[in-house]
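Quick heads-up: structures coming right below.
Okay, so chain A shows up in both of these, paired with chain B first and chain C after.
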Partner chain A sequence: MSVALAARLIDVLGGLLLFTMLLILAAGQVFRAIYAVAAQAVFLGIAGAVLAAATGNVDLWIIAFITIVAKAIVLPWLLIRVVRRVQISREIEPVIPVHLTLTLAAGIVVLAFHLNASLGPVRQTVTGNALPVGVTLILIGVLVMASRRKALVQMVGLFASENGIFFTAMAISQGMPLIIEIGVILDVVLGALVMGILVLRVRSSVDTDIADLESLKG
Partner chain B sequence: MTSHLLWITPLVPFAVGLAMLLVRDRRVQTALDVGGSLAVLGLALAVARAVTDHGAVTALGVFRADALAVVFLLLVGLLAVAVSIATVGWMRREVARGEIRAERVRFYFALVHGFVATMVVTVLADNLGILWIAMEGTTITSALLVGFHGDKHGLEAAWKYIIVTTIGISFGLFGTVLFYGAAVHAQGGVFAGAMNWSSIAAIAHRLDPGIIRIGFIFVMVGYGTKAGLAPVHMWLPDAHSQAPTPVSALLSGALIKCALFGIIRFHAIARDACGPEFSHGLLLVFGLVSIVVATPFIIVQHDLKRLLGYHSVEHVGIIALGLGFGGRLGTYGALLHVVNHGVTKALVFLVAGDAIGRYGTRDMRLMKGFLGVAPIAGTLLLLGAFSLAGTPPFSIFVSELIVIRAGLAGGRFVAVAVFLAMVVVIFAGLIHHVGQLAFGTADGTVERGREPLSPLVALVLLAVVMVLFGVWIPVNPDRVLSAATEIVVG
Partner chain C sequence: METTPAPVVRTIAQAALLVLAAPLVTGYVQKLKARLQCRAGASVWQPYRDLSKLLRKGTVQSDTATPFFRAIPVLVLAATATATAMLPVLWAPAGATVPLGDAILLVGLLALARFLLAVGALDAGGAFGGMGASREMTVGLLVEPALMLTVFSVAVSAGTTDVNLLAARRAPLLLSWTAPDLLALFGMLILALAETGRIPVDNPDTHLELTMLHEGMLLEHSGPGLACIALATHVKQLVTLTLVAALFLPVGLARDASPPAIALALAAFAAKVLALATFLGLVESSYAKLRFFRVPQFLGLGLVCAFLALALRVL
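What follows is the complex of A and B.
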């Protein structure tokens, strides 16, 4: 695969990542957000495969495979299990109205691409527009977490943010060293497990969502 | 031989943590806990010796101990020992009162040693990816500890803690990726150890300043969240106040310092890549904002442990301020403050834990006459509080003075003025709170039992270091701190 074609494909996949991010942001129901973040992880895995084919780096094939297994299968499965176990209202009530968050998201996209344009020759290290797409995903992920009072949706926002980091990391100079990627993914999965435990422990003692507790103040 | 030390040091607490899972006998657990922590301190001292004798030591291409790492490693080791000693008495009381079920004690100890192990890896990491993985590992282990009691408040604090610091620290990962990308670009391709701090720092002046600038902002926000710098500190007072007290001491004394260690590593690269003004300015702003934001919360606080939590925000701010003033003086002051605040804050948290255990509440309005209830611990609480407030002859006074001198030498008069104003206000607030707690007469419900060796031994150990560093900094620590300063200043 030629480098130019890879850059075009990465841009297409970057667009799909942004699209799934908007689906998460606009999701009115927990399951939809989970499916959207799973789809995002699949696109991320495909991006890894494209870069692997373009650069001939075997490590990237492994990273693409692990990404799909861990982030498109294991994590969504874990999230769905937790949702089924807690059985509280699955509707997402945003703290800020959805149209306002979407406007903010648009602002983030513009900002990220503007930031990218200000960079010098170092941009060549990054394939396509992976850098501004990565920045956008991270910031919109934070927006999702800040504007939703549901533990599961906050977790989805977190994973979407991390997808952005992985995307940029893959596109920068053939990705991080394999052992580091594996360590990072392991941290993500372990972190998700601990979050799941906390959600279930709260659910077993009080009848609320852990993200909705607000007794600690001042 | 010395390079083996670097991977044995984190391995020991990991192994102790795993072994804990198999042990059900309380006496064996205690022995393993204290012994494991002593082993970490012993190994830390051995690493320190090797580094002062032979300079930086590396191992396996991912670990590296230099003077800077040694400062933080010794702090982690010392606090681990103090906390383990204090845990003996604390755990006896918790189990006796049914706060922790006896069969769950082994999980508590396993998590604590896992937590210490991840902190040790953090400060010994040369590879910036390993540094990040270990840092996130500290969150995973300590979040379970924060919510260990399983009550509503503890779980709420644990949730806020894990969700805020995980998203925060992922900013740090993004910054790491950008630094790595810049290094690979500068070298024209992936090279051996391309992610190692030592190799990136060696070519720092050739890195693209634009991308390093963006990367450092992400690192500052990311590791800054974990360090408890305002305005991304909102998880800290909750987590530090709701965690079991020995864990609070580790979180406030050691963990937030490890996050600062990460910032310092990146700062050393950013300074060479895009000039000192940029990272100094960022550190200065974060530091000053932290001090200012913490002040009103310290004044109006009634919850003893929340008070100490906000105090940590202030002191992390002072460290960032010292780094932001820069130069040899500012950096030395900041690193000295890392040690001084770590030791003092652990001391005060452990005394506070004893007081809370005796009074059965954390509301300072209901706690009176602690000096009469527990004369030795009460005295140490007063000493620790005066030290925290920045009174001579205690250690924090010395490091704050050095930071202020660095600010004046650098002509940052406004920043110094704001800092001094806040310190005066905080002094008044803290002495008022602690005075209420120490003096007066306690009512009849307070537990007045004699003061047991645990936590007293731990408290005295920390107090000795606190006073010693205030009066005269011994030659060896001074040499390590000076060498560490050289690494940061370049």
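What follows is the complex of A and C.
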């Protein structure tokens, strides 16, 4: 696969990643947000595979495969299981209205792409829009974490943010070494497990909301 | 070049095709929905029968309506039918086009039709009409700017706002889709659902509920007037679908007037409209209608997609 074709494919996949990110933001129900983040992980895995084919880096094939298995299948399955188990209402409870978050997201995208112009000297393996898309995903993921009340949706934001970090790493450095990538993915899986168990335990023992924990502050 | 039919003939033929085929698209969507609900459903020709029935009926008019009310259906149909003349259906002109107008006028004509309908609904003095008009204009407020942004995003890449030239210039670039194209397409598909009055935003099947948007404005119309507005609604739907096809899938457009080329163009057009109409029907069958105050959130997604499509193109 030629480098030019790979750059174009990564560009298109970047557009799809952005769109799934907007879907996560606009989702009115927890399940939709989870499906959107799963789709995002699939596109991310495909992007990794494209880069692997273009650069001939064998590690990237393995990372792409692990990404799809762990982030697109295992983690969403885990989240859906937790949602079913705790039987919370399926509505997303935003701290600020969803359309305001969408406006903020549009601003973030414009800022990230504007910033890209000043990042010109940064050496990129994939020229084009991969770097600003990655930065955008990280920032909007943080926005999701900050603007949603439900712990599960905050986890979705964390995964999206992690996807952004992964995409940025691929854009700048042809992917990090295999051992680091595996470590990061294991970290995320472990974090999801801990958070899932925590949500279940908190729910079953005190029947409370994450926002109620605010009142514990001294 | 000599074999290309005159631009005027071309434009009239395409506009006539769009107007005549428009009820068939509605019929197809209704048939698809019926089949998905395990019903036999009415024939795909049913909208034509409804139109011919309405044309034979008399007209009843509200006492409070002014004489202008009578002109509303004709004006709505005229504005919508004029919009069809700006779209490439079968031919992508290599050279001259009829200087009728561009995508901006097209969106403007659709907005004019929307405005006239709302004025007519208010004129008749019914409570449903006023409410439907208010809601329809709220949706229009969100849809029209987003539609313009999408069109601009594509126009920037092609360097023209004339939809005919735009389709002709983008036809060879089909496989070089970039991120802004994708975002614009997704935004456009969301907007198309609203613009065709389909389910997440409006329910085209309901007539006696407080949820209706478009149908609420039609309640006071009857007979041939209602037929005109119903036809205008069908045409508007096909115009929206054709606009999506022209902006994002300008393949298979004929370069000359030879019968094989025209047959191929006709088949390509039918396939594109069929695919988009199937999308409408599937979405309508698998989603519930949104509460009205949720609609801005849904359309906000389309608006942000359209804005980003333009922003990414420019940045």
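Methods note: the second predicted complex is superposed on the first by the 206 of 218 C-alpha atoms of A that agree within 3 Å, B and C clash if a C-alpha of one lies under 4 Å from a C-alpha of the other, contacts with A are read in each partner's own complex, and residues count from 1 in each chain.
As a working rule, contacts are C-beta pairs under 8 Å (C-beta built on N, C-alpha and C of every residue); 3 or more make two chains touch, one makes a residue touch a chain.
Everything quoted here is computed from the prediction, not taken from an experiment.
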Message = I want to verify the contact counts: of chain B and chain C, which reaches more residues of chain A?
response = B
Query = Touching A:109 in the superposition: chain B (first), chain C (second), both, neither?
reply = second
Message = Quick check on the superposed pair: does A:81 touch chain B, chain C, both, or neither? Answer first, second, both or neither.
response = neither
Inquiry  = Looking at A:15 after the superposition, I want to know if it touches chain B, chain C, both of them or none. Which is it: first, second, both, neither?
reply    = second
Inquiry  = Let me test your reading of the model: by the given contact rule, A:118 touches which partner, first (chain B), second (chain C), both or neither?
reply    = first
Query = Just which bits of chain A does chain B share with chain C as contact spots?
reply = none
Request  = Please name which positions on chain A make contact with chain B in the complex.
outcome  = 115, 118-122, 124-126, 134-135, 138, 141-142, 145, 151, 154-155, 157-158, 161-162, 164-165, 168-169, 172-174, 176-177, 180, 183-184, 186-187, 190-191, 194-195, 197-199, 201-202, 205-206, 210-211, 213-216, 218
Note = Touching chain C in the complex, chain A uses residues 8, 11-12, 14-16, 18-19, 22-23, 26, 28, 98-99, 102-103, 105-106, 109-110, 113-114, 116-117, 129, 133
Request  = Please give the residue numbers of chain B that touch chain A in the complex, ascending.
outcome  = 127, 129-130, 132-133, 136-137, 139-140, 143-144, 147, 150-153, 155-160, 162-163, 166-167, 170-171, 173-174, 177-178, 180-182, 184-185, 189-190, 194-195, 208, 210-211, 214, 237-238, 241-242, 297, 300-301, 306
Note = chain A partner, complex, touching residues on chain C are 176-183, 186, 294, 296-298, 300-301, 303-305, 307-308, 311-312, 315
